[in-house]
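Each chain carries a letter (A, B, C and D) given by its place in the written order, and its residues are counted from 1.
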Amino acid sequence: MKLNKNVNQKNSIFKNWLVILVAILFIILPFIINAYWVDVLFFFGVYALLGLSLNIVLGEVGLFDLGHMGFMAIGAYTTAILNTTFGIPIIILLPVSAISAGAFAWLVCSPIIHLRGDYLCIVTIGMGEIVRLTLNNNPFGITGGSNGVYGIDFPSFGSIFVVDNSTKFYYYIWLIVGLTIIGLVNLQRSRIGRAWNCIREDEIAAESTGIDVRYYKLLAFVLGAGLAGVAGNIYASKLMIVSPESFSFMESCMLFCIVLIGGMGSIPGVLIGAAAISLFPEVFRAFAQYRMLIFGVAMVIMMIFRPGGIWPRKRGAFEFKPLLMKAGEENG
Amino acid sequence: MKIILEQLLNGLTIGSFYALIALGYSMVYGVMKLINFAHGDLFALGSYLGFTLLVSGSAYATVTFGIWGGMIAAMLIAAIGIGIAGTLIERIAYRPIYPAGRLPAVVSALGASIVIQNGIMVIWGPRPQAYSSQVVPSVILNIGGIKITLMQIVVLIISFILMGLLFYIIQKTTFGAAIRACALDRDTAALMGINIETIIFFIFALGPALGGMAGVMVGMYYRKISFTMGWNYGLKAFTATILGGIGNIPGAMIGGLLLGILEMLGSVYISTAYKDVFVFIILILVLIFRPTGLLGEKIAEKV
Amino acid sequence: MAKENNNMETIIRTKQENEGKNKINKVVLQTDKLTKKFGGLIAVNNFDLKVSQGEISSLIGPNGAGKTTVFNVVTGIYKADGGKVLFKGEDLAGKKPHQIIKKGIARTFQNIRLFSNMTCLENVMAGQHCRSKEGTWSSVLQTPGQKKEELEIKKNAENRLKQVGLWKWRDELAKNIAYGNQRMLEIGRALATNPDLLVLDEPSSGLNDKESEDLMDFLKEIIKDNLTILLIEHDMNVVMGISHWVTVMDEGKKIAEGLPEEVYSNPQVIEAYLGKDEEEEE
Amino acid sequence: MSTLLKVEDLKIFYGSIEALKGISLEVKEGEIVTVLGANGAGKSTLLRAISGLLPIRSGKIKLDNQELNNVKAFKIVMGGISHVPEGRKVFVTLTVDENLNLGAYTRRKDKKYIKESKERVYDLFPILKARRNQLSGTLSGGEQQMLAMGRGLMSTPRILLLDEPSLGLAPLLVKQIFQIIREINDQGISILLVEQNARKALSIADRGYVLETGNITISGLASDLKSNKKVQEAYLGGAALKKRK
């Protein structure tokens, strides 16, 4: 067995450099590439945010959620409807969308949280479908049916700064993604994250070790849904229109794949998975109708050769150093 | 009253499609504990195979065997073709992944589903295809004031024969008992001298074969097929499977038929637009009170 | 057969056991007419058990006697169909496992249940969950209080890991360490919850003789820390070697209890284990 | 008597845990051989390895001098080994009759054989005939044990592997089960019996082995083992008690 603390520490330093490098790359990218690719990278960001949100539920806690797009839809429509009918600024609606999606998750998941594996899976599918179909049917004439809601404002911080072009949106989404990553890494390294992982590993042992399984499962759903709601808000303001077909079951499946292709519970993994899902069709655009075929084949081959994902989460000494802790504090 | 009966018949027809597809999900799940997400697309592939035999490609089957004979021939060929496709998918996409656990298999299954769906699109084109009324006779019968199409009767008869046959094989023969034994406890089944690989081959051939036949019938019944139909039907059939209790053969049949009827009643008494919402709400309510479906076994984990 | 129904006897017995210590032990865990049914089968039938403070009590009996079921009811995994479980005088009815552990009963499992894809240290840190309180937001924002608590958790967990002798495996995934170490890790995780009563389900099963000996020494050592142990064990060497009190169960009922020596020579126990002698019977 | 089943220096691992540490034993034609040992000693592992459910790390298992290593489980059944697993493992949602049919799965096409075979089983266990259309999950523990044994006999094995047939049964039933084991043996079927109930097992066995944490520590004629103080110690922990004193 390899057990060398130095290796881990080296790894940690290497990782920090990598993080900084990637961050710099993301900052300068819009100056190098054209507007089309900036847009592509914006949607990569949206997928990354959604992937991170599903990763809480699926990756950290191991709950099969195949209706995650439903939560995003709640967030997107909250933003769209409140903005277009009452003129509430998008930026205020950002937390509102998160709260409404989270509250929705809490309401619908409470009675079903005890279901196991595949039964939970079909219920989440059903939930996602119920949301999509209901939006499609224009209840009380507020969702605009299959046309959706259009005319959504850009996010603006007062009148000083308005996010109104591709580059600004690019920075906006990746800023949110960046903040989310910091928050989630902190969570991973806390008793909350540990409790989630324990439930994923063995529910009965977790309960018998003193973890309130029901509470932490619900917490994961609510947080995941809240983040998806945030993604919905940004998505709505970028496209200026939301319509039900953006939130299909197929999209939920793609999110599921983002988490598994990257590696369950691994934050870099989610980013890679999101990149694979959002960039792949663009890169293979030349193959036109064959690209999805290739995509499907790639998914199968991926799972045969790397069933644990591209960048599975590694666990070791460096994990426990809180992100912003001074070096001297460790080992006390 | 007549409307209710007609709707019940419609619901039963759709329900028997769901049931036939659901059987495939349930059989595979029962033995492998794997949700075969590609199953719905295999059903769609069956539909397109039938379309080629009956309509395009100079309607070979219809020309050779006449309308009814052609239909039977198309269903048999679809059954064999999709059965082979099913076992191929097991070999290529699932078998190498079994040791890695269940979740990677979900991704692989989704991948296989995308491959089939887009394969259909590449071969037959992205636009929906239509059956002409020459291929499928559109006769409406009036029995005691209740309108019923000839096709509906045909679908109901064939579906019930198929379901009856499967029920007989699974519930009444020793081979069927072997399949159920494998689903309960693979190790002990092996101690009986059952070759597990034969069983796996069988379920991955038979389930999709039934789905393929359902595909041909759906094509003829609705006269319109599209390459995305696998997802819609697959989702409904999977819902039916869970409703009945996944892994349970009679459960899948009852779940399918019930789902079809609920859907129709929902569209009559609630609204057509909300019928699917109604169906999913019923499903969720059932699962809240019976966490393993209507006929599902209670799972008690040994501690 | 020593049938014990009142506290007097408990006091006398523990006095004998703790010669010279001049301490009177009280009953910490007690089940009163405990009954648990599965379908038609009565797994535990009017079962009375008493566990005295600071002792190692063993629950033994042939396979299928209902021992693990008793454990599962005591730790809240199953609900009792009848009777009571009293811990430090408090009725545990309706409490969930995570609430019971907070009251001070920690357990291990017959077939080791670790968090296999987490490191050994994380496994033990998980045990501290019920003794810490920082919430979601303070964790996301990493407040000073949260950092302090997290370091506290880590330090305690490290000490526990050293205590069970697994310090050098701290960063290894639980599934990768040897079987004997996994047993100890599970005990370490249970100890990390700072329990008053440690409930061990066949801790020596799968261990070799040396490991069993070490385990016995370890258990004798930790009860000095004002800890009480309740043990299910098949390995009679362990039971006879360290128990202060032995309760024998068969077919859901108590068939005997007493000091290890008494149980060892009790004909009913011998029969439950070795079966009736043909000659004697006929 | 010729050797029917032979195990040579068998080692079995679960992951990195060594469950059997190189054990050897044999069963001669017509014998009842018992393997005794406490929980976790490796008794069930031994039987599971013989019937092909576990991969063999090293050593050999032979039936009539034919090697069984890496032979698939269903072929081993055809070779004449039938294994009645621990905890009965009847197929609970199948009827008694279906369970018995599965016992003769390898010869399922031969209706006449199955009928005769079933009659033989009914002779041994008349209760099964009365219960034949009942779901086996609704049977009592003792009846399930009889069903499991009857199912094992349906293939007319040459050797029957019995894993803890007395487990969780009331004393009277245990007595009955052991009588039936004797009857089965009288029909010429060799038996390898794994038991915790040492006295009972030794009372019907010809020879016995004691298995302790993966090693065979004592072996010999059943009559010798019966009076062997060491066997009692191995079971009730006498040694540790002595040491403590």
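The rule is short, and it goes like this: a residue touches a chain if its C-beta (ideal position, glycine included) is under 8 Å from a C-beta of that chain, and two chains touch if they have at least 3 such contacts.
Values in this document were obtained by computation on a predicted structure and should not be read as measured data.
For chain pairs C-D and A-B, the one joined by more C-beta pairs in contact is A-B. Ranked by separation of Cα centres from subunit C, the top chain is B. Centres computed as Cα averages put subunit A at a distance of 33 Å from subunit B. The centroid of the Cα atoms in subunit A and the matching centroid in subunit D are 54 Å apart. Chain geometry summary: the mean Cα position of subunit A and that of subunit C are 42 Å apart. Within subunit A, the positions touching two or more other chains are listed as 204. Across the assembly, subunit C contributes residues 77, 109 that each touch 2 or more other chains. Shared interface positions of subunit D, i.e. residues touching 2 or more other chains, are not present. Put simply, subunit D touches subunit C in their complex at residues 16-17, 38-40, 141, 164, 166-168, 170-171, 174, 196-201, 203, 213, 232, 235-241, 243-244. Against subunit A, the residues of subunit B that register as touching in their complex are 29, 35, 37, 92-93, 96-97, 100-101, 103-108, 110-119, 121-122, 126, 231, 235, 238-239, 242, 246, 271, 273-274, 276-277, 280-281, 283-284, 287-288, 291-293, 299, 301, 303. Looking at the complex, you find that subunit C touches subunit A at residues 75, 77, 96-98, 101-102, 107, 109, 113-119, 121-122, 125-132, 134-136, 139-142, 146-147, 149-151, 153-155, 168-173, 176, 189-190, 193. Within the complex, the subunit C residues that touch subunit D are 41, 62-64, 178-179, 202, 205-209, 234-241, 251, 260-261, 264, 269-270, 273-278. The part of subunit D that touches subunit B in the complex is made up of residues 48, 51-53, 72-74, 77-78, 82-83, 85, 89, 91-94, 98, 101-103, 105-106, 108, 151, 155.
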